[in-house]
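Pasting the structures here.
Each of the next two complexes has chain A plus one other chain: chain B in the first, chain C in the second.
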Partner chain A sequence: MRLELGKVLIKDMQFGNQTKVENGTLFINKEEMLNAISGDDRIKGIELDIAKPGEETRIMPVKDVIEPRVKVEGPGSIFPGVLGKADVVGSGKTNVLKGAAVVTTGKIVAFQEGIIDMSGIGADYTPFSKTCNLVVVCTPTDKLQQHEHEQAVRFIGLKAANYLGEAARNVVPDEVKVYETLPFAESLKQYPNLPRVAYVYMLQTQGLMHDTYVYGVDAKKIVPTIIYPTEVMDGAILSGNCVSACDKNPTFSHCNNPVIEDLYERHGKDYNFVGVIITNENVTLMDKERSSNWTAKLAEFLSLDAVIISEEGFGNPDTDLMMNCKKISDKGIKTVLITDEYAGRDGASQSLADADRSADAVVTGGNANEVIELPAMKKVIGYLEPADIIAGGFDGSLRPDGSILAELQVITGATSEIGFNKMSATTL
Partner chain B sequence: MIKIVHYINQFFAGIGGEEKADFKPEVREGIVGPGLALKTAFGNEAEIVATIICGDSYFNENLEAAAKEILEMVKKYSPDLFIAGPAFNAGRYGVACGTICKEVQDKLGIPAVTGMYIENPGADIFKKDVYILSTANAATGMRQAVPAMAKLALKLANKEAIGTPYEEGYIQRGIRKNIFREERGSKRAVNMLVAKLKNESFETEYPMPDFDRVTPNKAILDIKKTKIALVTSGGIVPKHNPDRVESSSASKYGKYDISGVMDLTEETYETAHGGYDPVYANLDADRVLPVDVLRDMEKEGLIGELHRYFYATVGNGTSVANSKKYAAEIAQELIKDGVQAVILTST
Partner chain C sequence: MVKEIERAGLPVVHICTIVPISLTVGANRIVPAVAIPYPLGNPTLSKEDEKKLRRGIVEKALKALQTEVTGQTVFEK
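The block that comes next holds the complex of A and B.
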């Protein structure tokens, strides 16, 4: 499967008469866009705003971040099985508005939503302070149940990204990058002497509002399976969750999964990157046993020499991470894990809720409990009030002057467990 | 100039070896023994105003009294800094240095530094609390140990930022601190993967801790006579969360009186937990904290009694250290109240 990813570089974003890309600026016709994404009667009103890098703007509570993409050639459309048919995606050509993002916010859906600061110290911790953000502010109808609210906002965000993505359809990309993964037997023939590696991609599925979707299927109902890495780039996996903002994977991060990108970098040189095993993080022991048995079985089936395993979330899924690691290691397959830590505000506590001796190669995205002071911002898109109740906030987090004292946990994407950031932790 | 009080044992004071280990605390003005090397390292920046000498046996056999006595001696000089040792691999000396450094820090608020060999039992006990410079295992390492100790001590006295154990030479304290590395996490993972495949060396960013596994208690023999308490990490609290227990990383737990409460209702209780969909817990908090069922069982005589209080915190993102602390406090109260069994509910 071969995908040409065309990057249309976006340096600025403005509202205008027509939605189009011109000299690196994405112009957006507000009214047309509102028409394209409205229509869900669970939502009373939608407002659109723009937040650019360097501005003194705070977006909160952030639910999801989505990158605008469009399928130019090849089967299917972006977010298959959700906004389009369940065609197999990942081949042909896809254009991306690189540097642009859709951010969904509004009245809080659930506790675990995040903050994006476009400048100041908070901006250093989130990848989404570097993108021009089209912010979609959704106001739900009164007494809307939380899971209904989540679903409504999720779909509005996806539609918004697809609406903007269309603007890239007929633009000649500034950069083109080709990614290719051969069918398994062919890849073995191509690189008979290289060790075989795969990526074990754990998806957040702890329950209602803690869900991830694969071709529209709630991933807690899957058994672990194999997909081509390029399918992920076309939106085969998307976020439907409200877990802690710092270490959940927004839809943006799934489409741009850096583990996949970096595994491709040395593919054919140091190893043969044969594919991706996706698995879930369900909460019952039976589910955990079944899924970790299956990841180990698939790793063996592919005759792998090594895997990278990434976690999403923390606490309960730490168990899944360790079970995957132990069972895959027991097959004689080498493992590297990516996680983050909850070592307490003072950093003195044990970082994970589980441990196993086989986990001897671990990359960490940092301690999410470390406290940070976010200065007040001139402009707020959304609402500041949830600062005291979102995961990582505490009573008094929001100060009268609009500054926020909270754990890094509140910052969207701060301790990414798919290795988006340079942040890590060390032992003092 | 920075004023320092230095602590050493009877051996380094030149009083004697094991036969003099019962030497009682004594303070002398100025420098004694290894203080001379420290003085050279400090130059004009700091001065050792007094040296306290104590026998290792005396200190370890009279821990509380000795610590108290020495603390009083330190206090008199109101120093800016306290240094003990270095103790190298001398076990009782190491424990004495660690103990007194911690006391001086905690009780007098004066920064303290000591030095030990990494396998000194004092290192393991006190590395979390005190900066312990990593030294050789014998006094022959004095020449290397002293300048590094002096450098770290001056930084502490001047309230300068302390670098990593690697940079400063102290024994890892076990505190996790965020840093920014050269490469993004995914690239670091790929590099580690390739190193592992090639059997090359690599350094894990998070060494696995020794995991604390709890053995379940023995079964209860007669449940019908047993007083049972409910404790939950599922965040069930009286409506409007009076104690403001956080939705994640809880900094506290609540204790709530349920005498006369037969059923938790939507009007009276809710969950503060941010890690699960609260809809069903808010509709009927008994789903997480089964008060209604236990009341029925109490009435039917199937259990002895439901304890008057329940305890609740939020497990979501709460550190293991805090969880342990809450559990220890709660357990003590439960034992005091004559509770014989606890139902722990999680979510």
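The block that comes next holds the complex of A and C.
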């Protein structure tokens, strides 16, 4: 499966008469866009705003961040099985508005939503302060149930991204990058002497609005399976997560998964990157046992030499991580884990809820309990009030002057467990 | 909490969904629970069946409390 990813570089975003890309600026016809994404009667109002890097703007509570993409050639459309048919995506050509993002916000759905600051110290901790953000503020109807609210906002965000993505359809990309994964038997012949490496991609699926979707299927209902890495770039996996902001994978991060990117970078040089095993993080022990049995079985089936395993979220998924690690290691396959830490505000506590001897190569995305002080911003898109109740906030987090004292947990993407940020640690 | 209460000389049964975490933490008597969002119940069952399930877990825990153990023990049945 071969995908050409065409990057249309976006340096600025403005509202205008026509939605189009011109000299690196994405112009958006506000009215047309509102028409394209409206229509859900569970939402009584949608407002659009723009937040650019360096502005004194705070967006909160953030639900999801999505990158605008469009399928230019090849089967299917972006977010298959959700906004389009369930065609297998990941081949042909896809254009992306690189530097632009859709951010969904509005009244809080659940307590685990995040903050994006476009400047100040908070901006350093989120990758989404570096993108030009089209912010979609959704106001739900009164008494709308939480899961309905979540679903409505999720779909509006995806539609918004696809609407903007269309602007990239007929633009000649500034850069083109080609990614290719051969069918398994051929890939073994292609690089017979390189170590066979796969990526075990754990998806947050604890339910109660901690959900991830694969081709529209709620991933808590899958057994682990194999997916071409390029399918992920076309939105095969998307977030429906109201889980702690710092270490959930927004849809944007799925489409740009750095583990996949880096494995491709070293494919044919250091490794033979044969593919991706997706698995879930469910809430019963039997589910955890079954899924980790299956990841180990698939790793064996693919005759792998090594895997990289990434977690999403924290707490009981630490056990899924350890089970995957132990069972895959027991097959004689090397493992490297990527996680983050909840080691207390002073960093002195145990970092994960579970541990195993086989977990001897671990990469961290940082300590989510670290306390951070976010200065007041001139402009707020959304609402400040949830600061006291979102995960990582506490009574008194929001101060009268609009500044916020809270744990890093509150910042969207701060301790990404797929490495979609810049924090980590090394052992001295 | 399990470990501190045992240190004070009282036996403890840890009813817990994710048994591996309980084993890692060092509980000695472990009774598996149903699921993380509903450890001691099951909203998909009828009220009658759920009561049976709940009583079963509590009785298992009481039995475990009275059982001598020589090391970490998971009471599956």
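Observations
Please note the rule applied: the second predicted complex is superposed on the first by the 424 of 428 C-alpha atoms of A that agree within 3 Å, B and C clash if a C-alpha of one lies under 4 Å from a C-alpha of the other, contacts with A are read in each partner's own complex, and residues count from 1 in each chain.
In this section, a contact is a pair of C-beta atoms (placed from the backbone, for glycine too) under 8 Å apart; a residue touches a chain by one contact, two chains touch by 3 or more.
Note that the coordinates shown come from a computational prediction; the quantities given were computed from them, not determined experimentally.
Applying the stated clash criterion after superposition on chain A shows that chain B and chain C collide. More residues of chain A are in touch with B than with the other of chain B and chain C. Of the two partner chains, chain C is the only one touched by A:285; chain B is not. Residue contacts after overlaying the shared chain place A:207 against chain B and chain C alike. Once chain A of one complex is fitted onto chain A of the other, the partner contacts of A:228 are absent, as it touches neither chain B nor chain C.
Legend: residue contacts after superposition of the two complexes on their common chain; A:323 is shown touching chain C, with no touch to chain B.
In the superposition on chain A, A:252 makes contact with neither chain B nor chain C.
Contacts of A:355 after superposition: both chain B and chain C are touched.
Looking at the shared chain after the overlay, A:391 reaches chain B, while chain C stays out of its contact range. In the superposed pair of complexes, A:163 makes contact with neither chain B nor chain C.
Superposing the two complexes on chain A places one of the chain B stretches 44-52, 80-88, 206-214 or 224-232 into chain C: stretch 206-214.
Across the two superposed structures, the residue set of chain A contacted by chain B and also by chain C is 206-208, 353-355. Residues of chain A touching chain B in their complex: 110-112, 145-147, 195, 197, 206-210, 243-244, 257-259, 261-263, 265-266, 270-271, 305-306, 308, 310, 314-315, 334, 336, 338-339, 341-357, 359-370, 389-395, 407-409, 416-428.
Chain A meets chain C in the complex at residues 206-208, 283-285, 288, 316, 318-319, 322-323, 353-355. Residues of chain C that touch chain A in their complex: 17-21, 24, 32, 34-37. Of all the residues in chain B, the ones that touch chain A in their complex are 128, 162, 164-165, 172-190, 192-194, 196-197, 202, 204-212, 244, 246-249, 251, 274-279, 315-322.
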